[in-house]
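As written, the chain order gives the labels A, B, C and D, with residue 1 at the start of each chain.
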Amino acid sequence: MKISRRTFVTGTVAAAAGVAAGFPHIYMKDFGQAWGAKPWIKKDGNIKVGMLWSQTGNLSVVENDSTQVSLFAVDILNGRGGIAGKEIEPVVVDAKSDIKVYSEKATQLILRDRCVSVHGSYTSASRRAVMPIFMKWDHLYYYPTCYEGRECMQNIINTGPLANQHSFDLVPYMVKNFGPKVYLVGSNYIWPKESNKNVKVWLERAGGEVVGEDYIPLGGSEFSPVFNKVRQQEPDWIMSTVVGDSDIALHRQFLQEGFKSDKMPIAALTTGEIETAAMGNEAGAGHFLSAPYFQTLPNPVNEKFVNDYLGSKYGGGGVTHYNMEETYLGILIWAKGVERALEHTGGDWEAITPRMIRDVSGNWNGQGPVGLSDEESPEGKVWIDPDNFNIWLKPKIGQCGSDGQFTIVKEADEHVFPDPFSIYPERGVCKADGLHKPDGTVQKDVL
Amino acid sequence: MRRVNLYHDKRAQWAVYVVFFGILAIIPLSMDDPFTMNQYSRYGVFAMLALSVSLVWGFGGILSLGQGIAFGMAAYGMGATMQMQYQDPVNDPIPSFMLTNELEVLPTIWEPFWHTHLGLILAIGIPVLFFVIFGILMFQARIAGAFVAIMTLAMLGAWYNMAYDMQPYTAGFNGISPPSAFVAFGVEVDPYSNLIYWVSLGVLCVLTLATKALLQTKFGTIVQAIRDDPERARFLGYNVAYYQIVLFALAGLIAALAGLVWVMITQFVSPTSLDIFFSITMVIWAAVGGRMSLFGAIFGAMFINAAQSYVGDEFQATWFIILGAVFIIVVRFAPKGLAGLFEYVFGFIPYRVRGTSGARGDAHSASE
Amino acid sequence: MAVILDLQDVTKAYDEYKVVDGFNFQVEEGELRCLLGPNGAGKTTTIDLITGRQKATSGTIMFKGRDITGQREDKIAKQGVGRKFQVPAVFKELTVRENFQVAFSKNTDPFHNMIRLGRRDGRERLRQVVEIVGLQERLEEQGGNLSHGETQWLEIGMVLTQNPQLLLMDEPTAGMTEQETQQTSEIFNRLKGEHTLVVVEHDMAFVREIADVITLMHLGKTLAEGPMEIVENDPKVREVYLGTEGITDAA
Amino acid sequence: MSVHDFWTPFALEPFINALIIGLSLASIWLVAALGLTIIYGTMGVINMAHGEFIMLGAYSAWVMQFFIGIPWLLCLPLSFFIVGGFGWLVERGLIRHLYDRPLDTLLATWGVSLVLVQSVRLIFGGEPQYIDVPDELSTVMNLGFIHIPWMRIFIFFVSLGLVAMTLAILFKTNMGIQIRAVMQNKEMAASFGINSKRVYGLAFAFGAGLAGISGAMFSGLKTIFPDMGLGYVVEAFLVVVTGGGEVLGSLATAGIMGELFSVFSYFTNDTFGRFVLFVLIVIFLRFRPQGIFTPSMARR
C-alpha cells in the first residue's frame, strides 16, 4: 500500500476539522489574550464580580438560591448607583455540582473574565478545590457557608459561622432546658465531626455528656441503626449535624420511630427553613436550630429584606434562610471592601487588586474592620475579624413551629469571636499574614 | 487495483495522528493565555481517560466502569506527593488536615511520599498492581460482559466509601489540596503555564501513539480476537485471562497517568475522583467519539468537554438531558460513534490501492 | 499405528444424570473417526471433555500418552488438540488474514506478542492453509461478512494453521450447501493421514465420503464401533433409531 | 475516627433490634431489586435506569397526593401502572432494538437515567419533597425491648406480598408461563407461537411497575428528590447479581445482605459497613460464579 497525496490531504482536512470543532477559540476573536499587568477594574468598565454556584445538579437546590440572592444584592447596590458610581457586573457561571467544573470555572472567572473577586461554594469540598487557584493568583474568594475552620488562608473572606460560634449558645441552652445527656448524629464528613468536637467542649463546660456518636454517609437515608442505638442510650436530646436530603429523612424517621420532639428534641445546625418545608410541618415542629439568621427575625431591616427579596424577580423560592442571608452579607461586605480599596488608591480604579480588597477589609487606616451595622444587616450588626477574616456574629436559637417557621427563643448576649483554631490552640493563632505558630514562625496558606 | 475504505488504511490513520498532535503542538506557540493552557491540559487528561476506556472496552471488549479506581488512586498518590513536597521535614512535618484528625505523627503509608520519585512510582504502581490483582480475581473466574461492569462498579463504590471514611489519611470528603505546584527535577510545573500543556498533551501523545502501536502488534490483534470470541481464542491456545489481565492493567496504567497529571493541573484530589458518575461519563466520551477508534475516543472526550465548557447559557439547564439523549442515540443508532460515521462516509470516497496477492477486483471493505 | 487419543471410562454427570457414562474411546494416529449418535448422546460433551471445556466427573483422558484430564483449554490446545465448534466461531471484526494470524499461535505469551508485528507472523503457514481451505480471494474481508460455508472453512483453516496432531470437528458441514459439503469432504480427505481427525457429523452422505471407522454413541456410551457397513447393520443400532431405515435418515 | 469509638461493644437487646433492622433493610433492598430481577432474569438487560424508575414512582405518588389529593395507600398501585406504562414505552422505543447487545442496554439505560433525573429536576425542582402517610403507619410497635415502626412492618409485608405476587404471576398465569418459556429458550418459545417481543415488553413493564410501587412506598419512609435513585440502585444491582437473576435468589441475598450490613454497621459504622459489604460481594462473585451465571454453561 502506498500512501497517496489524496490520502494525506483527506487525513489532514479531517484532523484539522476535528481540532477546529473541539477547540472553538482557536478561531475565536479573543483567543490568545495576552496575560499581563492588566487592571482588574477598567477605568471605563464595570466592576466584574464572579458568582461560582451550581445552577444544575444536586447542589443546585441550595446554590440556586445563593445565585438569586447574590444577584438581588447586586441589584440593590446598582440601584444605589453601584460602588462609587461604578456599576457592578455579576458574571454567573454554572458549576454543575461537579468539583472538576468548580475548579475550571474558578480559573475562568479569574483569568478569562477577570473578575475582581468571586463569591461562591456551598460545600467545603468545592471551596478546597478552588482555593489553590485563588492562592496561585493571589485572588479573593468570599465563602458564605458555615464551615469547620482550622484553615488560615490569605485569599478568602468567610461570612458564615465557624464551628466554634455555631453551637456556642445552643449547647448550654439545651443542657439547661432538656438535660445533660446528648447523642451526636452527623453526616460522615469533616464539618460535622469538627462541629461535634466543639460541641463536646461546650458540653463539658455546661456539665453535659455524650452518650453516643454516629455518622452516616452523605445522602444516606437509613437511620434505623442509629435510632436503635439512640433508644438504648436514652439521651435527653439529639445533636444533629446531618445535612441535605439525609436531614429530612432523619426528622421523618424520628417521627416514625415514635420519638417526640418535646421529650427528646433534635438540636441542629443546618435544619433551616428550606429543610423544614421539605420534611413536612409535623416532622420539623418542636426541634431547634442554631443559626445567625432566621426568616422570622423580628427587626425592620430583616422585614424589609424578606419583603423586598420575596417580592423581587429573584424571590421565587418563597423563603429566605440563613445561608442566603450570609451570601447576601458577603456581597455587601465585599462592596464595602471595594469602596475602601478605592479610597486606598486615591480614586484610581485600575490600581485595585483583589488582594488589596481583602487587606483593606481588615483593620485599615484606623477605621476598624469592614462590617455592617444594625441598619444594613438583616441579622444585626456583624463585622469581619481583622486577623482571621471570619465574621463576628450573634448566634440565635430558634424553635421550629408547626408552620415550618422558627420562633427565636434565645439570642446570644454578645457577638462571638470567630476562632478557626478554637479547639487546636496548639496549632497557633490565625492572623492576616498567616498562622502564627507557637514557635514564633508564620505559615501562610494553611489549608 | 481494488477499492478499500480509506478509513482502514493504517498509514492514513497514522497520518491523522501526526497531523492532530502536530496541530495541538502549535497551539501554545500561537498564544500565551494561562486559562486556555490550563483548560486544554484538563481536556488532555479527559482524553487519556477516554483512551483507556477505548483500549479496554473498544478493543478488549471489557466494559470497565471502574477506570476511576486507577484514576483516583493515582490522584491520591500524586496529591500525597505534592502535599509532602510542600511540607517541611523539620518545622512542619505533618499535613494540616491530619493534625486536626487526631494524628500526631505522619502515618506510615504517607512516609514514602516524602520522596518525590518514590511517590510517583507508588502513585502509578499501586493502581496498576491493584488492577492486576482485581483482573486476576475477575478474569480467572471468566467473568465477562455486564458482570465485569457491575463488579468494577461495586469496587469503585467500595473505594469511594473508603476514601471518604478514612478521613485522617485522605482528608475525607473535603479532599487534599496541596498548596503549591508540583516540582520535578527542580522545575516547577506551574498549572497555568505552557509547560503544563506540554506535560498533559505530551503524556497523551505518547500514550496514544504507544497504544496505537501496541494495537498493531500481534498482541493487539489477539486482544481484539478475544473481544470477538474469547472461547475461540482459548481453543487456539491463548490464555485468555492472562491477556485480559494484561490489557486491563494497561488501561489502568493509562488512567493512573491521567490521575497523576490531573492533580498536577488542579492541585486537588477528593473522593469525587472515585465518583461512579465520573467513571461512567468516561465511557460516554469514548462511546460518542467511537470506542473502536483511539482517535475517536480522544476526540469524543475533548469535544464533549469543550461543548460543556462553551455551550451557551440557554443549554445549561438541559445539558444533562442533551448529553443523555446524545448518548442514547449513539448507542441505539451508531454503536461505533462518530468514528463509525466517518468510516461510513469514507466508504464512499473513491480510493484505490494496488491489490495484494490476487485480490478480487470488486472486493471492498464493508462499512457499518 | 499408535493410539493418540485414549478415553478411559470417562463420565460426566450433572447430579444424577450422566451425559457421558463410562465412555471408552481410542483413536489411532492418522485416523479419521466419525462420532455419531442421536441428539443428547453426549457427542459434544465428549469433545468438551477432551478439549477441557468441561471437567470429567471421573475417568482419564490421555493424549499422546500424557494425561490431560481436567487441564485448561489453552494448555490442551497448545499440546496439539484443535477444535472446530458446532456453531462456527470466527473473529467477526477481524479480517480473514488477521483471523489466520491469531490462529498462528506458536508463542502465546502476551508480552512476547507485544513486540511482534502481526502481519509478518506465520506467512508461510498461511499460504499453505489457504491453499487447502480456499479463501485466497477473501483475505482482506471481515470475518463477519463471510458466507456460512466460508465461515466454516475459515474456522477449519484456523484450526489447521496451528498444525494440531488431533483435530476435533463438531458438525463441520452444518448448514452447508451440497456443493460446499462436497468441497469440505475434499478438504477432509486431504487431511486424512497427515492429521488425526474426530468428526461429529449428522450428514450420512458426508460420513460415507470420509470415514474410516465410526463410533456410535447412545446415552453417553458406545453403542457400536467399526466400519460403516457393520455399524449400520447392527440390530442394537436399529433399535435405538426406531426406524427401519437405520441411521441413514435419522439426521 | 479514632480506634476507641470505632467499635460498638456488644449488647444483646440492641443487637436483636439490629437483626430486626436488618430484616427491614433487606425488605427495602428486596423490593427495590425485585423489578430489576424480573428485567434482568427475563431478558438479561442490565437496567441502569432502575433507580430512576424508583424515583419516578416516588414522584408520581407525590404528584398524585400533592396535586390531586389521592391517599397514599391508593398511590401505591397507581404508581405501579404509571411507571409500568413508562417502562413499556422505554422498552418499545429503545430496549427492544438492543436485545442482541446486552452491554449496550446497560449504556443506553444509563442515558435514560441521565435524562430522567434532569427532566424531573427541571419540572419539579431539586428540592426534597415528602409525602403524608396514614397516621397509623407513623407510630411504632413496642414489644418489650423490641421497637419497630409500623411503616417498616408495612414495607416488610408488602415486599413479601409483592414477591409472592410475582412468583404467582410467573408460575400460575399464562403470561408468567410465557415469560419463563422465553427466559429459557427464546427460539423454542417462538416455535410454540409465543410472541417474544410482546413478552419482553410486558416483562419490562412489569419490572418497571415494581420499581414504581417500591418508589411510592419509599417515599413514605425517606426523602423524595431527583437523585434518590442512586441510593437504591447499587444495592439493588448487587442483590440481583448475587442472587443470579432469580426471584428466590434475590430474596435470599437481600436477606443476607441486609443482616450483614446491619450487623456491620452496628459494630462499626455505616460507611465502613458499606465498604465491607461491597468487597465481600466482589469476592463472592469471584468464587461462586456458577450460582450467578446460570446460562453460562450453555454455549454451542
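One rule holds in what follows: contacts are C-beta pairs under 8 Å (C-beta built on N, C-alpha and C of every residue); 3 or more make two chains touch, one makes a residue touch a chain.
Just so it is clear, the model here is predicted, and its values are computed rather than measured.
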Higher-contact pair (C-beta pairs counted), A-D versus A-B: A-B
Far-end chain from chain A, centres as C-alpha averages: C
Mean-CA-position distance for chain D and chain A (Å): 37
For chain A paired with chain B, centre-to-centre distance based on mean C-alpha positions, whole Å: 34
Chain A and chain C, separation of their C-alpha mean positions in angstrom: 72
Whole-Å gap separating chain B and chain C, where each centre is the average of the chain's CA atoms: 42
For chain D, residues that touch 2 or more chains besides their own: 118, 230, 269, 271, 274, 300
For chain C, residues that touch 2 or more chains besides their own: 85, 89
Junction residues of chain B - those touching two or more other chains: 161, 164-165, 167, 231, 317, 319-320
Chain D partner contacts - residues on chain A that touch it in the complex: 56, 58, 60-61, 64, 188, 213-217, 219-222, 224-225, 228-229, 231-232, 244-246, 248-249, 252-253, 255-258, 274-275, 277-280, 283
Chain C-touching residues of chain B, taken from the complex the two chains share: 4, 214, 216-222, 224-225, 227-229, 231-240, 242-243, 246, 292, 356-360, 363, 365-366
Residue numbers on chain D that touch chain B, as the complex places them: 1-2, 44, 46, 94, 97-98, 101-104, 106-108, 110-115, 117-119, 122, 230, 234, 237-238, 241, 269, 271-272, 274-275, 278-279, 281-283, 285-287, 289, 292-293, 296, 299-300
Touch list for chain A against partner chain B, complex: 1-4, 6-8, 10-12, 14-16, 18-19, 21-26, 31-35, 55-57, 94, 96, 98-101, 103-104, 107-108, 110-112, 124-125, 128-129, 131-133, 135-136, 150-151, 188-190, 193-194, 217-218, 424, 427, 439, 441, 443, 445-447
Chain B to chain A touching residues, read off their complex: 6, 9-13, 15-16, 19-20, 23-24, 27, 30-36, 38-40, 42-43, 91-92, 96, 99-100, 161, 164-165, 167, 171-175, 177-179, 181, 191-192, 266-268, 270, 272, 278, 299, 302-303, 306, 308-310, 313, 316-317, 319-320, 342, 346, 349, 351, 353-354
